[in-house]
Amino acid sequence: MTDKKILTGKKKIIEVGNIKLGGHYSPVYIAGPCAVESKQQIMETALSLKEIGVDILRGGVFKPRTSPYAFQGLGREGLEYLKEAGETAGLPIITELMDEGHMEIVAEYADIIQVGSRNMFNYSLLKALGSVKKPILLKRGMCATINEWMLAAEYIAVHGNQDIILCERGIRGFDNYTRNTLDLAAVPIMQKETGLPVIVDPSHATGIKDLVTPMSRAALACGANGLMIEVHPNPSCALSDGQQSLNFQEYRQLRQDI
Amino acid sequence: MTDKKILTGKKKIIEVGNIKLGGHYSPVYIAGPCAVESKQQIMETALSLKEIGVDILRGGVFKPRTSPYAFQGLGREGLEYLKEAGETAGLPIITELMDEGHMEIVAEYADIIQVGSRNMFNYSLLKALGSVKKPILLKRGMCATINEWMLAAEYIAVHGNQDIILCERGIRGFDNYTRNTLDLAAVPIMQKETGLPVIVDPSHATGIKDLVTPMSRAALACGANGLMIEVHPNPSCALSDGQQSLNFQEYRQLRQDI
Amino acid sequence: MTDKKILTGKKKIIEVGNIKLGGHYSPVYIAGPCAVESKQQIMETALSLKEIGVDILRGGVFKPRTSPYAFQGLGREGLEYLKEAGETAGLPIITELMDEGHMEIVAEYADIIQVGSRNMFNYSLLKALGSVKKPILLKRGMCATINEWMLAAEYIAVHGNQDIILCERGIRGFDNYTRNTLDLAAVPIMQKETGLPVIVDPSHATGIKDLVTPMSRAALACGANGLMIEVHPNPSCALSDGQQSLNFQEYRQLRQDI
Amino acid sequence: MTDKKILTGKKKIIEVGNIKLGGHYSPVYIAGPCAVESKQQIMETALSLKEIGVDILRGGVFKPRTSPYAFQGLGREGLEYLKEAGETAGLPIITELMDEGHMEIVAEYADIIQVGSRNMFNYSLLKALGSVKKPILLKRGMCATINEWMLAAEYIAVHGNQDIILCERGIRGFDNYTRNTLDLAAVPIMQKETGLPVIVDPSHATGIKDLVTPMSRAALACGANGLMIEVHPNPSCALSDGQQSLNFQEYRQLRQDI
């Protein structure tokens, strides 16, 4: 059924600065806005999250949006802002790469490179990422089977990079009450099958901010190695995904509740 | 989008003997075999589970099997065995009703009447159960939306019986690695929308016994009011669903791990 | 994978009065309203359809509605109206049975008994229908696999009734642009696997009246043995499923276009 | 719900050499192997198909395979073979592009550039294809909604290239009897919504060669503007997708049956 030769289950720890992800290390918290919208927005977010408690700062600068007319991200300019915010707050940063053409600059600026759900099947990109010397966060494709997801990771590994973090972010189902269906069984399955750390993104999985805390608790209870949570200074004005973003006060509450 | 008039969110506590299900009461453990197979099997199970720790004994006597040639359950004879085992061990019992023709006898013997996933859309049965004076455990249909599940409960309620326990048991998805996709977001959603207690069946949801413990932990972490777990004295010989059943030792371990 | 012993592929022809369904006989047209709403409505429909061209009159009198507060059908009264309309127009009638309690009366009045999508997994009902001396139209469950559907038919057959017509009516998918996803590949598959006639319901499958004609053409092109189409004298006032119903003029056009 | 500004429904005809695709022009037949495997294989296929009847020759040279250890295609060498075969037989050629890095060479050799199902959400690639002066065949993502598919086409259009052919190739569902679920309702929907020609790939949609002919007939019956069919000189030895490929004799039969 599968063809794994490298990621066969041996436990892997990913190091990002002082942070250790995987195995029995404490869960890692990744938070930040869906998109970097301005220098001020990401700086404010970085400093607030640092104070509340976060390990890694996230922020999208190249955005894979369903509509060509939606905000597509600030691009390289956003990358500068994100980098500066991370450095000021003392936080490593993660951002999404959509395109091999930006791989060099993203690899230079970011501490972790994210492959989004829409690109999990983009095998050209996966192959290219094999040559990068930064950890890759590989989100599950919205309709990827467990086996397809494992083999997407294997693509990166066989091309030279075994520093891979997996991220369950919900799969597509028949009900649109939630944005996606969070498949938590994938957490212990992927940990066992690949040995890689698996984190969970409850924000995209549910699309509803009231569900972020209970699903975060569930994710950690079944062994997730970390969480990726959308936090925005002012969710109602966010340029994307406002409905599922927490504000600082809500994120503080989440950290207390867990 | 919905039409609820009765189950609009007011918190409901279900009482079964001394057991209280719902609200902030401790999670309730329901366990037992998929099917009652013999007097000895269910008696041994009941006594072992009582000793390890369980609140309610489950066992199927009318079995909705995909194939007409598969074991269909012991029927009324099985009901006698289940009742006797429950009484001997001092445990309330739950069993599935497939058919209005058996409603009277099941209501007489069982402490909770289960509506299985395949009958969640059987509105004639739901209406009939409105007149029964026993709590109903309503499993989610394998492809039921949140809204359809809420309205199935409303069918029972509007016909006279508001003692309803909901059970998330996994929904159908595109991947067959697990038997179903456990949709834990449904737990807080259904609790809030209906006010009813929601329990989780990780055995049917995953179909893989190694996933029962991590998914049980996740279920409780996001607020489930109980768990329903398949336990069989000898899973490898079970007449149905052996792959997902725990033996006594494994169930004991699960209780310690949680 | 399957357990068929009776419906193993031998070609079966179903006879209803002078109508022959299956094999190389011409496609059979079943049409009528989702629900019988009044004596006048069904009589008018029967006479108009007879004039335009139809083989069998459909009309629901026991309606499996998602909400307990939606119109539930006229019941026995509706059955009288449907019968009278069929006799007046010289058309055999088909109606849905939801409940074993109504089996005797439905079998007495109807020429074909329909098992709806929500009851395909209601094995008690399927077993009971094995003893009836009328053909059964078995709709595919909205999330039934090919194998589950075959075995549901086998349930009826093994209990004594092999006069079964299958009806593909769309399955549940991730997109809600159409009401369901019409799975036309199921037509040649089920014909080959079971030998039974397979008809298609493009009205429920798509939920959009503009798609009824192209999907009817496609169904016949891949070998469907008939079509079941919703027609209502005044779709905008229909008590259920108005959006997908054709009026008489639209049905006349469909017959010309095919 | 959507954001189309360019592809709003105005009928579009795509010209490839003498071939006209769309509107009321006769259906176009595209056929060939899943992968170009050798010079001899593709030359033999091209000549045989030309003799039997085909409009455009297909053949993959860059292959998006689930496993990194599966045959990945012959790459540029395969492109040479495909080009030569097409020229010898007098057939335009179509091949898949996975990667912007190959865009120039593929655009130089191919008459139509295919975007495969796995790259429908690869917005960077879609944007890049806006600048190409060749028609694009855009396959539906395996879990793309109608709206997402329309907007993927809009991405190409807004970046400068409106010569787009859509291809329905089956979507992912809960049953694995067929490889995918062919969603033929998408044909009239996409034609009406975008004005673009829509063709159907029954080979990938079903994954079963016996279903290719009935599904081809159904596709044309509901208005598809063409068919894309996998044909291989010796399907049992094919390096990919042999199960769904027709041999020459079977393709000849298909053309006669339609």
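By letter and in written order, the chains are A, B, C and D; residue numbering begins at 1 in each of them.
The working rule: a residue touches a chain if its C-beta (ideal position, glycine included) is under 8 Å from a C-beta of that chain, and two chains touch if they have at least 3 such contacts.
Computed from a predicted structure; not experimentally measured.
Contacts with subunit A and subunit D are shared by B, C.
Between subunit A and subunit B, two chains of identical sequence, the interface residue sets overlap for the most part, with shared numbers making up over half of the total. Simply put, of C-D and B-C, more C-beta pairs touch at C-D. Separation between the centroids of subunit A and subunit C, computed from CA atoms only, is 48 Å.
Per-chain CA centroids place subunit C at a distance of 36 Å from subunit D. Separating the CA-averaged centres of subunit B and subunit C is a span of 33 Å.
Annotation for subunit B: residues 143, 147, 172-174 touch two or more other chains. Residues 2-3, 5, 64-70, 98-101, 118-119, 121-124, 127, 142-143, 147-148, 151, 154-155, 158-159, 172 of subunit B are the ones that touch subunit C when the two sit in their complex. Within the complex, the subunit B residues that touch subunit D are 143, 172-174, 176. Taken in their complex, subunit B has these residues touching subunit A: 143, 145-147, 171-175, 177-178, 181-185, 187-189, 205-206, 210-211, 214-215, 217-223.
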